[in-house]
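This structure is in structure tokens; I'll ask about it shortly.
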């Protein structure tokens, strides 16, 4: 079956798909972006095999509607997720590429000194 | 058409429906519940006619799954929303009633000294 | 407390907020819009006090991304919800108004011959 | 960088994470489960590199609330997704395992006769 490297990739991708579809549509503004970033990071960090999550919401894309706020769009999000299965790690990223919120594997690596917990 | 009291009711209910379906399913634990409460409160506070939002997630209902976390269920949420349209205010609440996440109008009142902004 | 007319308004607004935040972000194309409309209509029809739901997703707003599909945005949605509490009915609508997905009370009326079930 | 097999794994996992967090919380009953299954399948089939999606919602887990319906929980869902990148295919599954909605790689294989589009 799948090795630990492949499982780390699998787990990282789940997290990107999950956070995207859980939070897109949330009302947001430059003033509230920070609390939303924190909530996304902390919630996704709970999921299996996650070592690190970094979330950045691009304030510059927030165009105010007639009531003065925006909604979280996928292309506003940059999300880095690092998963670890056994000693295999995967760093994956969600990042805007033109008008598409692209999800990609950034790097896979072994970390002997940091066993799975 | 609808008066300001009815519009305040209408607006309060939108917020309860919105927050429920935006955030149910989010991974949560007693350690992360606070950041999720903050994000829900701040995001819903951006929506039109909102004067106040209070969010409480019941930690005692969080049963750990095999990976040690829970997911936000509707019955974990207590949400109080106060809206104001003109001088009419509506206080509505989402709160567990048995196994159902009930949404209800708590009170409508006039607040002459607090004009709509 | 609130009368049946106000409760019908309250219930209609919950449904609009709910469907918006449940389904925004769903991948969609002109070919799949029909099945998404059906799923939204049937799911919201289950909620309390709903008499009728009509959902229309505007295909003309679907701009293909690099992979050939779109995502459901709030401004693509026209949703009509009719609720009934006792003999009081409320018809509310979500509809694009410029760049904002506006939710409004269309009409409230009494329907003596159609008691609450 | 990652090979096509790993990319197929990555893409399959995104879809499982996406569908889970997009649709969990949707009102559902045995009568409406079929339209929800169709909408999930068709929407996820639009995403990149998807060859096949099968969705099954377990009606037997639907306990009626006081208003006679249920909400979609993760453990009600069985989802099979097959992705293809180049000639590499990945079949992944979301399926209940006790009280946890487990996502797993079922099988990776090469399909020379079915090139990527």
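Labels for the chains are A, B, C and D, by order of writing; each one numbers its residues from 1.
We take it that a contact is a pair of C-beta atoms (placed from the backbone, for glycine too) under 8 Å apart; a residue touches a chain by one contact, two chains touch by 3 or more.
Since the model is a prediction, treat every value here as computed from it, not as a measurement.
Counting the residue numbers that touch the partner chain, chain B and chain C have more than half of them in common. Chain centres were defined as the mean of their Cα atoms; on that basis the chain farthest from chain D turns out to be B. Interface comparison, A-C versus A-B: the higher count of C-beta contacts falls to A-B. One inter-chain figure worth recording: chain A and chain C are separated by 30 Å, centre to centre, where each centre is the mean of the chain's CA atoms.
Chain centres here are Cα averages; for chain B and chain C they lie 20 Å apart. For the pair chain A and chain B, the distance between mean C-alpha positions equals 26 Å. In chain B, the residues touching two or more other chains are 20-22, 25, 67. Residues 22-23, 25-29, 31-32, 35-36, 38-40, 42-48, 67-69 of chain D are the ones touching chain C in the complex. Within the complex formed with chain C, the residues of chain A that make contact are 20-21, 24-25, 65-67, 71, 74, 98-100. Across the interface of their complex, chain C is touched by residues 1-2, 5-7, 9-22, 92, 103, 105, 108 of chain B.
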